[in-house]
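Same chain, two partners: subunit A is paired with subunit B first, then with subunit C.
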Partner chain A sequence: MATPTTEKKTLTFALMDAPYENERTVTALRLIDIAARRGYNLTVFAYEGAVSLAFAKQAPHANAVHGRDAAQEDHPMPRDWIAAVLAVAEKNGGKIDWINCGLCVDERGVGEAIPGTRRGSPADLWKAAEASDNTLVIGTR
Partner chain B sequence: MARKVLQVIATAYRCNVEEQDDPIVWITHAMKGAGADLAVLLRGNAVNYAVKAQDASGLSFGERAQTQPPRIAEDLAKLGGKGVDVFFVEDDAALRGIEPNELIEGARAVSRAALPKLLAGYDQIWHW
Partner chain C sequence: MEKYLFIESRDPFESRDVEQSYDLAAQLAREGKTVTLFLVQNGVLPARKSAASAGLEKAAQAGVQILADGFSLRERGIGEGRLTAAVKPAPLDVVVDQLAEGRKAIFF
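Showing the complex of A and B:
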């Protein structure tokens, strides 16, 4: 089994899927979480529907089918997961520059993003990719 | 030295009507404008993007008509005009009954067998 590298990497991720549609974003966040725990410097470019991942007004709800109220259901919010990986990165000496494609934000009316994320453009994606050891794009299928 | 990235588009016709373009063709234009060194490879259903005769016009809901439908073949041709190489997998086109003369000028055929050599010419492959 390979020994995990201790070298500090710089990685870029481009995500495209909207929240609550499939498991690709969860997989992406698993990878981002691992990299954040290693203290890597990361850029995440949220494109198209992925800009809604950091939308601040996501709201938890009760679930009658599960027989649980909102508190018991403890529904996962992608915005909370993002806040958590941002915190993990900082705790481990790295950082995550989470960029939401500005035009995609405007189209969807999701301009109210959580703190620690920012608005940007494809030029930011390219700039980050050029400065990174590698880039992973996860497109919508 | 700038990195060379090959943008592989495999998933076709996702949000094209709403965006009035293909989002990966669009972001390729945008990043090229920011200085990126990019090329595009169409594979799978996305080979149809290079077909000149496609026409997505005419959509309307009630009195709301779409005035600027997607023109993806034109957008791809414009990429070629900006120095972005546009490739398509000829096996995928043939499987779909698409003849080479139906495609935009400048789209370059590459066989599946030749893909490793093509991919080896780029620093990174972004598979959208």
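Showing the complex of A and C:
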């Protein structure tokens, strides 16, 4: 097993899955969280359905079948997970440049993203990959 | 020496393509490359001794290091005692370690 390096690394992750659809999103955010806790500098390029992960208007809802209101249901919001990993990175001296593909955003009408994320283009993914120690693409199947 | 990281998230009972990723990992190892096959999500299911474990055992014999995400194992109720000898449990941190090391990585 490799010994964790204390050197500050730069990694890029490309995510493609829409929220609530696949466990790959959880795995991706677990990886980003681990790297953020190490203070690495990270670029996350969200494209296709993944641009909805940071959509600011995701709303928690009640569950009438189980008789729970929205607070009791405590529905997980991917936008909150992203805000959490952004905060973890900052706390540990690193940073996350979270880029939502603008073409994909426009197609889906999810232009209102949470603070700390930004709009970009596929060219940003290329630039980030060029500047990174490594890149992991987690594509939809 | 070239080093590779294969991250396999699929269950071989869901997709026959999984056998091909095992075979590719084994082939690289036979060529003298350093290869880790990291199982995650439903990819950990064949880590439990079963009819689907043969592909993993074959890859291990070829020299592939095979690790299974401890969190994914716990989510699926697979205890360490039920794993085939070819597979060792490991934290997801290993993936970040190997990415940081600069391994060629692919997520299946």
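Heads up, the rule we're going with is that the second predicted complex is superposed on the first by the 134 of 141 C-alpha atoms of A that agree within 3 Å, B and C clash if a C-alpha of one lies under 4 Å from a C-alpha of the other, contacts with A are read in each partner's own complex, and residues count from 1 in each chain.
Criterion: contacts are C-beta pairs under 8 Å (C-beta built on N, C-alpha and C of every residue); 3 or more make two chains touch, one makes a residue touch a chain.
All values derive from a computational prediction rather than experimental measurement.
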Check your understanding: Putting subunit B and subunit C onto subunit A via the overlay, clash or fit?
Key -> fit
Check your understanding: After lining up the shared chain so the two structures overlap, which partner does A:Tyr47 touch, if you call subunit B first and subunit C second: first, second, both or neither?
Key -> first
Study note, to complete from the structure: Between subunit B and subunit C, more residues of subunit A are touched by C
Practice item. Angle at the Cα centre of subunit A spanned by the Cα centres of subunit C and subunit B: state it in steps of 10 degrees. Key: 60
Review point. So, A:Ala56: does it touch subunit B (first), subunit C (second), both, or neither?
Key: neither
**Study point:** First, second, both or neither for A:Trp126, with subunit B first and subunit C second
**Key:** first
Exercise for review: Could you say whether A:Asn134 touches subunit B, subunit C, both of them, or neither, answering first, second, both or neither?
Suggested key: both
Check your understanding: Counting only touches as set out at the top, which of subunit B and subunit C does A:Arg38 meet: first, second, both, neither?
Key -> second
Study note, to complete from the structure: In whole Å, subunit B and subunit C in the superposition are separated at their closest C-alpha atoms by 5
**Study point:** Doubly contacted subunit A residues - partners subunit C and subunit B
**Key:** 134, 137, 139, 141
Review point. Where on subunit B is subunit A touching in the complex?
Key: 2-3, 5, 11, 14-15, 23-24, 27, 30-31, 33-36, 124, 126-128
Review point. Touching subunit C in the complex: which residues of subunit A?
Key: 1-5, 7, 9, 11, 23-24, 27, 30-31, 34-35, 38, 40, 133-134, 136-139, 141
Point to revise | Residues of subunit C touching subunit A in the complex | key: 7, 9-10, 40-42, 67, 71, 90, 92-103, 105-107
Point to revise | Residue ranges of subunit A in contact with subunit B within the complex | key: 14, 16, 47-48, 121-123, 125-127, 129-130, 134-135, 137, 139-141
